[in-house]
Each structure stands twice: as C-alpha cells, then as structure tokens.
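Each in structure tokens, the structures are laid out below.
Below are two complexes that have chain A in common, paired first with chain B and then with chain C.
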Partner chain A sequence: MVDWGIILYGTISSLFDGLMVGSLYGLMALGLTLIFRVTRIANFAYAEYITYAAYAAYAAAAALGGVVGAVAAAVTATVVGALVSLLSDEAAFKPLWLRGADSLTLLVASMGVGFILRYSLLGVTALGNLPVQVNIQSVLSNNVLFTVGGLASFQYAHAAAILSAVVVASLMHWLFTRTRIGKAMRATASNPTLARISGINVYAVRRVTWLLAGAIGGLAGFLYGYYNPVNPESGWQTLLWIFAAAIMGGFTFYGALVSGIILGLAEALIGFYLYQFFGISTAYSPVIALLALVLVLLFRPEGVIRLEAHALRRRV
Partner chain B sequence: MLHGFAGIVVQWVTYFAIYGIIALSFNIEYGFTGIPNFGKVLFVAIGAYAAGVLAASLVIDAAAPLLHVKINATGMPQYCSGNASYVLGEAGSVLSPWFLAGVFLLAVLAAAVAGAVSSVVASFPALRLREDFLAITLLAAGEIVRLVTWTSTWPVCGFNGINGIPGPFAWSGSSDLLYMLVALGFLVLAYLYTDYATNSPWGRALKAVRDDEVAAEVYGYDIARIRMQALLVGSALAGVAGALLVFYSGNVNANSYKPDLTFMVIAAVILGGSANNLGALVGAAIITSLDIFMNPSAFQALGITLPTNVGNALVYLKYVILGLVILAVLAFRPQGLLPEGPLRTPIVEKTRKRLQQYLSRIAGSSAAGTEEAENP
Partner chain C sequence: MASRAAVAGAVIALIVVIAAAAYVASRGGAPAATSPAAASPAAATTGGTGAASPTAASPVATIQATATAGGLPKKIPIGLAIAVSGGYAVDGPKRLKGAQLAIKEMNDLLAKAGAPFRFVGIHEDTQGNPQKAVDVVKRFIADGIQVIVGPLSTSETAAVMPLANRYHVVVISPSSTGEAAAKPNDYVFRVAPPDSKQGPALATIIYKLGYRKLVIIARNDDYGRGLATLVADTFKKLGGQVKTILYQPDKPDLSAEVTQLAAAVQSFGADKQTAVLVIAFDNDGLQILQKASKIPVLTKVRWFGPDSMARNTFIENPQVAEFLMKVHFLGTRPAIERNPVTKHFEEAYKKMYHEAPTPYAYYAYDAAWLAMLSVLVAGKYNGTAIKAVLPTVGAHYMGATGQKVFDKNGDCAIANYALWTVAKVNGKYVFKTIGMWHDSTKTIEWFNK
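Right, the complex of A and B next:
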C-alpha cells in the first residue's frame, strides 16, 4: 500500500532538492562549457576546482561563523576556484596548447591535472592535516527558511543555489551581450583564428575564461558544500552530471544551465519515485546521468537544448 | 608464500605481466587504431567478473560436498553466502590440482569471451562519436558499471565482493612463484600475438584508419569493421588480464576497478610510446614499479615500518606522481620513450630480399668474367 502523504511531501521535497542540485549542476556545466568552447578542452580537472573551493569555503566558514562566515565562505570559494583554475591552465594546458596539442591530448592532460589536484588533497587528508569530510552547514547555523507541512523543508542552501543560478545567468548574459570581453569570448569560441585576425587578444580572453569558469565552479562548490558533506572525491563524483548537463546543452552557455536544472530534477524525482514504488536504491541514480549522456551523444550529438548547432558527430 | 625482497620481486613480475597485457591491449586500440578506449577498466572488470563468478561457482559446487558444508543462499548467488568464502578458502586442500587448473583455464577463456562480447557495447559509440566524446562516454560507462555492481548483490556480491577464490596452484607451497610463471607466459603469448598482428596487413589497416579515415576508405578499407576488430581484440585481452588479476588476488570486488587503473594504463602507453608494443611493455614496467614500491606493504616487506598516515599518503602520492609524469611526457616527449617505428612488414622484407638477389644476379653475371679473371 502506497502512502500518498509520503508521496506528496516527498515530491515537494524532491522538487526543492532537484531545483537546488540542478541549479548547481547548471552552474558547473556553464563553467565547463566556457572552457570547452574557448579552449577546446574537455576538462576533467574541472571537478577538482569545485572540491578545492568547497574545502576553502569550509575553512572560511569555520573561522568566522554566522552570516559573516557564509559571505566570507562564498567569496573565498569563488576566489580559490578562479585561482586554481587559472593556475592549472598556466601550468599545464597553455604550454601544451602552444605546442599544438590536439583535443584528445588535452583531455588526457586534464585527467593528469585532475589526478594531481585530487590525490594531493587526499594525501593531505591522509596525513591527518585536513578533515576527511567537511560539512559547511554544520558550522553555519539557522538553516531552514520555511517548510511545507513540516516535512518538506526549504533551506537557505536551496534559496542560495537557485538565486545564484539566476544571478550568474543574468550576469553572464550581460557579459556576453554588453561587454567587449564577453563579445571577444564569444568570437574566440566560434572561430579562434578569425578572432585573432580581428585583433582580439586571445591570450587575455583565455585568461578571463579560466578565471570566470573557475569562479563559477568555486561558487557552485561552496553552495554544494553548504548542503552536502564534501570529501576530496566529491567533485569527481559530480563530474558525470556536469558533463551530462554540458553535453545535453550542446555546449551552449544557456543550454548547459537549463540542462543542469532538468538533470537535477530528474535525479531527485526519478530517484525518489523508483525508491518509493519499486524499492530501487537511490545509489543507482547516476545511471540517469549516464543514460542522458549516452542517449544524447548517440542520437542528438549537437545537444538537446541548444542555442546554436555544434557538430560533434564523427564521420564514419 | 615468499616474503621479503623475493616476495616483492614475484609480486612485481606478476603485476607487470598483468599490466603489460592491459597496456598491449590499450595500445592496439589507442596507439594503432586511434580509439581512445578510456573505459579500459570496464573490460578488465567484465573479464574479472566472468572469471570470478565461473570459478567460484564451479569450485563451490565441487568442494562443498567434500567439506560437508551446506551452502544456503536465498535471494543471492551461492558464492555470496556466508560460508562461501570458507569453502573457497579450503577448496585448495580438498580439490585435485587438475580440477583447479581446469577451472583456471576455463575461467580465463570465459573472461576472454566475455570481454570480446562486451566490446560490441563499446563499438556502438566508437563508430559514431568524435575522439574526446567517445573517451568521456566510455569512462562514464566504466564508472557506472562499477557503481551498479558495487550496489547490487548480483553479479559479484556488491560491496562484499567474492573472496578467497583459489588460484590454480592453491595446493602448492610456492603458489605465487608458479602463478608468476603462468602470468608471464600469458604476457609472452599476448606480446607475440600483438606483435604479429600489428605487423601484419591488418596492422597496416589499423594505422591507415588512425591516420586518415577518408584515405583509408578510398583505399577500400571498411572502417567500421576495422574499429570493431580492434576493440574486439583489445577487450578480449583486457578480459584475460582481468581473470589473471582475480586468480592472483583471490577476490573480485567492484570497487577495485576504478578509472585509476585505466589512467595507469594510459600513462604506461603514452610514457612508453604509443603504437610501439615494446614501448607499451616498458611503460607498464615503469608504472608497475611505481604501483608496487609506492605502497606501505612494500616498505614493510623490506623491513621499513612507516607511520600509518604516511603509508596512506604514499598511496595517494603515487597518483600525483603519475599525473606529473603524464604532463611531463605530453609536454616534452609526446612520442614516448620508444617512438613509433616503421612496420616490419614481410612484404617489404621479401621485396628487398628479392631485389637484392636480383641485383646480385645482374651484378654477378656482368662481373662474372672479370671476377674469375682476377681470382683464379
């Protein structure tokens, strides 16, 4: 016998969670898309910027606490994300790019960078200098904003994530349509050679892209850590969702955001219903992301929610 | 069991053989054909699952009556039940060596078949996607299979795994030494086969597809077919390596087939030199050394005791070094330690030999008179 009360409140709760997680997937996918479009790197190290930012946010929140701590954590996460991202480009990707590496080489290099970042964090935690798992929420109090029927709670983390996605999307829209650097980024994304001939400083564009992508990832990392406990492998475990959202969005900036939200909702709702009606563990929910990724790549490789076509299909 | 330094050497050789086979298989796909099969660990895992399940089932069926143990498993495979690992652990002393050897060979064969069959799954995206997207898809597929098999009881008992699978030499006192020789034998076979296959006309076809699809198509090569063949051979070899890994460690646990293994193999092939079989083995040797010696147990065996936290950090440091090595190779020596050489094609050798014979015959006939005159 199915208890419809549980289903109703569970659905509302899943909607809240899905919107929050989806907004974060969307933000992360937006950062990944930025890097992919401007530099042609399918960046596996992107997940680690998120993890590093979440750890930095935890340190800031634990040091200050309260509202000040929350703001400080958000700022720290954004800055750390941006710096780690820029540093990884300057140290690893840019030299390879200048030597004319192809996209597969850059992908392998990004896996290498990801390994260095992730395992050095794991190594430091193993030495006992860092907590194995951090929970930002535990050091910032007063979490619940309102509840529906006392069961489905809407927390500050939900509000912050959804609000951030909206604000970042608006800012990005403004950047891409109203500013010189934004237009230069779009030009470089669509045709690097032509952009260079037109007098655009592609090196500056590259630097801004990595900073911006890292900052977005860092902010998302803080928000992710505000709700979920974070360990050194959290980013890596989220990466599949990020790639699925970016590919579903056809590597377009707005498509990535929308796809992220759809995937987040799908994860929360499908996971909840499968558990309630069929008793299937929510541990299987990443299968949804894989299915989305594979189906989109196989049948609509230019993306489902795209704003411009981007041919990924290979010729056989 | 060997201990101390000798034990480490045996362990090194065994792992080198297994990693070497995986590196050779990855080299066929990535180095020669240009298919970035970044889900390599998936095929190793499928081979391991097939071998582990088959071996555990056969051994339990044979050994349980002899040990007077009644396996009672409801809602799960019999090898997942509580006393299965006891039966498996004791099986070596009650079963005949011939039976264990037969189980081993059968399991290796099953792993090769399972790997080959599963390559169909990989070939579907491999024929349709650009390199980097194919890499992402296969990597994700490997992670998902690990996650699903780790959560579900079927096929390999979820997070418990199957433990204590007896190796083919479970009856012997020096089982790991014998097993090392067997693994080495498999490596030699794999190397001879790979070297023969990649230096054959088929090997030339692989390289043609890698270098220029359009040109290869114009010359009449069926690209889809060649890609599928490369994946089939590569996955079957990976499956065999998975089976060898199972019988060496004695257990199958979904969580030991992480993308880290794929990355180690990628590192081995890129470091050694892609599209060079000997290079793949050199890379595998370096990576195996890193894997064995960056481990607290190796230090323990040499008589050095590390603090627990340093020991744990050392294992992670291994991957940091691996990442640095990859970046350094990509930046400074993208062709690897042993660069790709020309194919040793019998056609060229035969033609050259015939040409030399022909030339010497001409030279011989024209110079015959003077030679005889000078050297009576």
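Right, the complex of A and C next:
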C-alpha cells in the first residue's frame, strides 16, 4: 500500500535537498576541474581547502553574528579557501611541476598535502584546546523559508546554496567568454605549450586558477558548514562525490557544475524511491554515487555532460 | 693542485670519522640486542620520570614487558587503545584522560607503599576505525603488552577480539556496549552495561509510555544496527510496529535519510502513538537533529535515544536544544550509581584537567583501575593470569561507576539506566536525570511525580 501524499511531499523534500547538496557538489567539482584542466593535477588536497574555509567561516560568524556575520563568513571562507589553495601550489605543486613531475607524482603529492593540511588542523585544535567539531548553525540561524505538506522544508541554506551555484556559474561564464584572463585560462587548459608560445603568462594563469578554484571551494565550504556540522574530516569525506561529479562532467567547467546537481538529485530521489517502493535500505545510498562513477568510467570515460565545448565554441 | 689535495684530505678525514662513529655505535648497541635480560634494567631506568607522565608517546619498545622470573616488571605497561580522532575526536580525549588519571593515582599509591614497580600507560590512537584498532593491538602485542584498556567502539572491540584470544591478551573496553562483542569465554571484558540490556529496556520504556508505532533511525555499524535490532525485536514482541532506517555515518550529508524518517513517521500517522528513536554519535546526530528540527511532522512526535545521544554537542546549539525540549526527548544512559569514589573521581579529574568528565570517562577510569588491580592480584604480568582473576577483582571492586560484576560474556552485569531529558536551567540547556529504569524489576521510577 503506497500513500501517494507521502510520495509527493517526499519527492518535493528530496528535490529541495538534492538541489541544495547537488549545488555544493557542483561548486566543489568546478574548483577541482579548474585545477585539473589548467595544471593536470587530480588534486586530493582540494577537499581540505573546503574544510579550512568552513572553519574560517565559523570563526567569522561566531565573532560577528547576524546578517553581518553571514556575509563575513562567506567572504572569509572564500578568501581563506583561495589562500590555502594558492599556498599549497606555491609550496608543493609548483616546485614539483617545475622539476618536471608527471601526473602520478603530482597526484601522490596532493594526497600528502591533503594529509598535512588535515592533521595540522587536528593538531591545532588539540594544542589550542579548541572544539574539534564546529557548527555554524549554532551561531548563525538557518531559518525555514517555507514548508510543504509538513514533510519538505526549504531553508536559508537551500536558498544560499542554489543561489550561489547560479551566481558562480554566471560569473564563470562571463570570465571565460568576456575576459582576457579567462580566455588565457582556457587556452592554457587546452594546450599549455601553445599558450606559452602565444605569449600567455602561464605562471599568472596558474596563480589565478588556484586562487579561483580555492575561492569556489571556500564558498562551498561555507555553504556546507552552514547546513552541516564540520569536523577536520568533512572535506575528505566529500571527496568521493566531488570526484564523481567532476568525472561525470568530463572535467569540463559547466559539465562539473551540472553533474554535481544531477548527482545530488539522483542520490536523494533514487534513495527515496528505492526505500518507499522496494524497502531497500537508505544505507545503500552512497552506492549511487559510486555506481554512477563506475558506469561513467566504463562506458563514457570522457564524461557524460561535456558542456563547455558547445557552449563556448561559438564565442572563441 | 694544492686545493684539490686539501679537498681530498677533508673527504678522507670525514669518511674516517663516520666509520669510527659507526663502529662505536654498533659496539654500543650490540649487547642490548643479543641479551635482552641484561638490557631490561637499563631500559626500565632510562625513563625514570615516566611514572609522572603516564603516556609515553614513542618509546614503546624500551618498556617491553621483560618479567623477572615470576614477579612483576619494574615498568608495567598498560596499552591504551583509545580513539582520539574520527568519531571520537570530541569525547575520546576525555575518556583517555580518565584512564590516565587512574594510572597516575595508582602510581602515587605504589610510591607511597615503596613498591618497586610502576604502571606506564602507552597510548595509541585507533581513530574509531576497526582496522586501525587491529593495527594498534598488534603493535601492543608485539611489544609484549598483556592488558589493554580500549578500544572504545563495538566495531573496534569486535575486530580486536580474535587477536586478544589468540595471543591471550586481556582487553577491557570502557564503552563498547554492542551485541557484536558479547561473546562468552573470551579475553574481552566490558565495563559498561551491554546493549543486550539497554535494547530491551528502551523498547519496554517506550511501550510502557503508551507508544505503539516506532521509527528507528540508526547508524549502520555494529553498535547502531545491533541496538536497533534489539529494540525492534522487543518492541514487536510487546505488540508494537517498527520501521528502521539505517544510514552510513560517514556520508557527508544525511538530508535524504531525514526525509525518509519524516515519510516513515507520516505513514504511521504522526499521532500520539508514534515515536522516533535515534541512535547516533556526534556529527551524524547533530546533522539529523538539526535537519529534523526544520521538518514540521518530526516536531509533532516524541523522540527517544540511547546513551550515545547524551552529548554536549547537541545542547550547545540552541536550536537543537529547543527541538529536543519540544519533542520531550527521553534518553537512557547507564546509571552511574553515585558513591564516594564517584565524587573523588570527579574532583580529581576537574583538578587535573580543568574540565568535567563525560559519562564514559568514568568507565575508562574504572577500566584502567581494574586492569592494574588485576595485574597486582595475579602477581605476574601475564594475560592468562590476569584474565583468571579479573572477574573476582571486579566483583570486589567499587569504582566511579559502582560495582563491576561481570556476566558470562565478560560484560557488566548490573544494568540500571538513568532516564534523562533536556531542560533549561538559568538560561542554559542541561541534561537532567528525571527517572531510573530498574532492570531487575523492569520498572520505571520517576523522580518528580
């Protein structure tokens, strides 16, 4: 016996949450894709920028509170994400790259950088006797905007995440199509040697890429922290979904964002229907992301949604 | 030419110096490597101040248990396989401190008595991860450690159980309560009351309070799933209906699971006979409560929880604390039968660490005391001997958590549960004990009625 009212409102609730979480996955995957395309690094340390930014956002929100605190938290997270990102490149990846390190070396190095960042955070909390787990909602209220049928609720965090994804996507589109640096980034991404010969300052492009990717990750970190409690492993635990979205998007800029949203929606909706109609435990829901990843790698290793090609070709 | 000769000379001189140093070093190290018996007194005295600071981080190998014929070694290692990161990042360190306090107190006592030996706590972080716990215990066993306090979780405890049995090493878990580690005739002891008592108690309490339809949301691990099954079995036997939602605790976002919970509550009618039981830890628990507080249907029914829900994290967030009060959250936790030792422990803990202990820090303290007392009673540092005396030592022991009588599984046999709720006192949210579940009579005693 299926209660269609529950299915309807449950679907709406899953749509809200899927859109929200999907926007976060999309933003995170976008930053990862930026780094991968321009520098050829599958950056495992990327997840830690998100964590650092979330902690910074908490500190800012706790210090100021209210609307000012919310804005400050978003800005601080973006700046901290960008700085940690740039710093990790300048300290580890760039020196390796200049010595001619290949992709595998850089990948392993990124794991090392990730470990250093994660355990430094744990070390700092232990030394300073600071709380290990922070929760932005304890200092910044996340109110309900509206509810549907008693089951679905749309909160500030949902609005913030979805709005951010839209704004970031628009800004990126503007950057890639209307600005010199954006075009230089795309040129470097498609052929670094040619870009260099054409007179593009690949070092400047590299720096901007890391800053931008870190900033997007930082913003996503704030949004994640606004919705969920954060501990030093939060970013790391999200990494599977970030990579899944980036790979589904074929490591293309728009593809990553759209794939993230699709992944979030698929996980929420499929998980909900499997349980409601077939009684399959929700404990299996992480399998959806993994399955999507494996299927894409098996049948469409170039990615399912390669959006940039069509969207951009006309403007070049 | 002259400069080249000078460089060559310098290089040769350097090589000679290095060779000489290597020779001296190898001569110095050789006797220790070949005759461990001769090396042991030296090793025991090198860390002279070790007794004052119970946790020696690295020199595990230097305090190997090299028992002198029949007696106790001068330095008796107690392995502390306690997670201080992962899911235990918040509470783990507090439990570790409880065990370290016990070791310090025992050493002070031994010093007073002029005893020739001291206990040394050797801590390694198991990260709340069964595989890491196995690694840690393997290292402890390789270093000759015979008694271990920890691990904390049931998954970890169940994972190290085969090792403990094979190598005859006693493992005393301060906080594992799950079914997966309840096995008879093993080397694993657990000082907190097991879930085989808590599960049926929770189900009976919920049923007695008039609820007939129960939705359980639980961690999909040995502890969560085990307890959920125990509650569901008893609740169904009493005549109630149950739906269970399991979730992966390390999933970055649990919104989908909370939606499932809301749908299940709605399908039960969300009326006066419907209740929710949440079995979670820190991060996942906060996520679930935070999200649930935003969904109308979940604020209409009463919520219950086991011992794992009595966490400060939840009442530190005003929104979640308000939610817990709104849904009249009722939880169980092992009743710490207060006695003079309890009071002493609380004062000593506050004096030493400048913070109050959390419930399982009491059990960690008792686990460490039991481990050390059993070694002393056994009179030798040997796992088999320690195992043989431990149940009797426990029965005659009065600790911070009361008497430690063990059942056939080596689990704490006395299992009364305090019933707690969240209240606002002077503008601050606190856990308030409002009643007691007496396991022997299966009755609830309310304190203010």
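In the analysis below, the second predicted complex is superposed on the first by the 289 of 316 C-alpha atoms of A that agree within 3 Å, B and C clash if a C-alpha of one lies under 4 Å from a C-alpha of the other, contacts with A are read in each partner's own complex, and residues count from 1 in each chain.
Just so we're on the same page, a contact is a pair of C-beta atoms (placed from the backbone, for glycine too) under 8 Å apart; a residue touches a chain by one contact, two chains touch by 3 or more.
These numbers were taken from a predicted model, which means no experiment stands behind them.
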Check: Now for A:65: first (chain B), second (chain C), both, or neither, which partner does it touch?
Finding: neither
Margin query: Looking at A:281, would you say it contacts chain B, chain C, both, or neither? Reply first, second, both or neither.
Written below: both
Next item on the list: May I ask you to decide whether A:17 touches chain B, chain C, both, or neither, giving the answer as first, second, both or neither?
Entry: second
Next item on the list: Could you look at A:192 and tell me whether it touches chain B, chain C, both or neither (first, second, both, neither)?
Entry: neither
Margin query: By the touch definition at the top of the document, which applies to A:243: first (chain B), second (chain C), both, or neither?
Written below: first
Next item on the list: State whether A:122 touches chain B only (first), chain C only (second), both chains, or neither.
Entry: both
Note to self: One more residue to check, A:103. First (chain B), second (chain C), both or neither?
What the structure shows: first
Next item on the list: Share the list of chain A residues that count as touching for chain B in one structure and for chain C in the other.
Entry: 122, 126, 281, 283, 286
Item checked: chain A-facing residues of chain C, complex -> 85-86, 89-90, 93, 220, 245-248, 250-257, 259-260, 262-263, 266-267, 270, 282-283, 286-287, 290, 294-297, 313, 316-319
Check: Which of the residues in chain A come into contact with chain C in the complex?
Finding: 3, 5-6, 9-10, 13-14, 17-18, 20-21, 24, 122, 126, 131-133, 135, 137-138, 141-142, 144, 147, 150-153, 155, 224, 227-229, 231-234, 237-238, 241, 267-268, 271-272, 275-276, 281-283, 285-286
Notebook entry, point to check: Hey, which residues of chain A end up touching chain B in the complex?
Noted result: 42, 92, 95-96, 99, 101, 103-105, 107-109, 111-116, 118-120, 122-124, 126-128, 240, 243-244, 247, 281, 283-284, 286-287, 289-290, 293-294, 297-298, 301, 312-316
Check: Mind pulling up the chain B residues that touch chain A in the complex?
Finding: 36, 124-125, 127-137, 140-141, 143-144, 147-148, 151, 213, 223-224, 263, 266, 270, 309-310, 312-313, 315-320, 322-324, 326-327, 330-331, 334
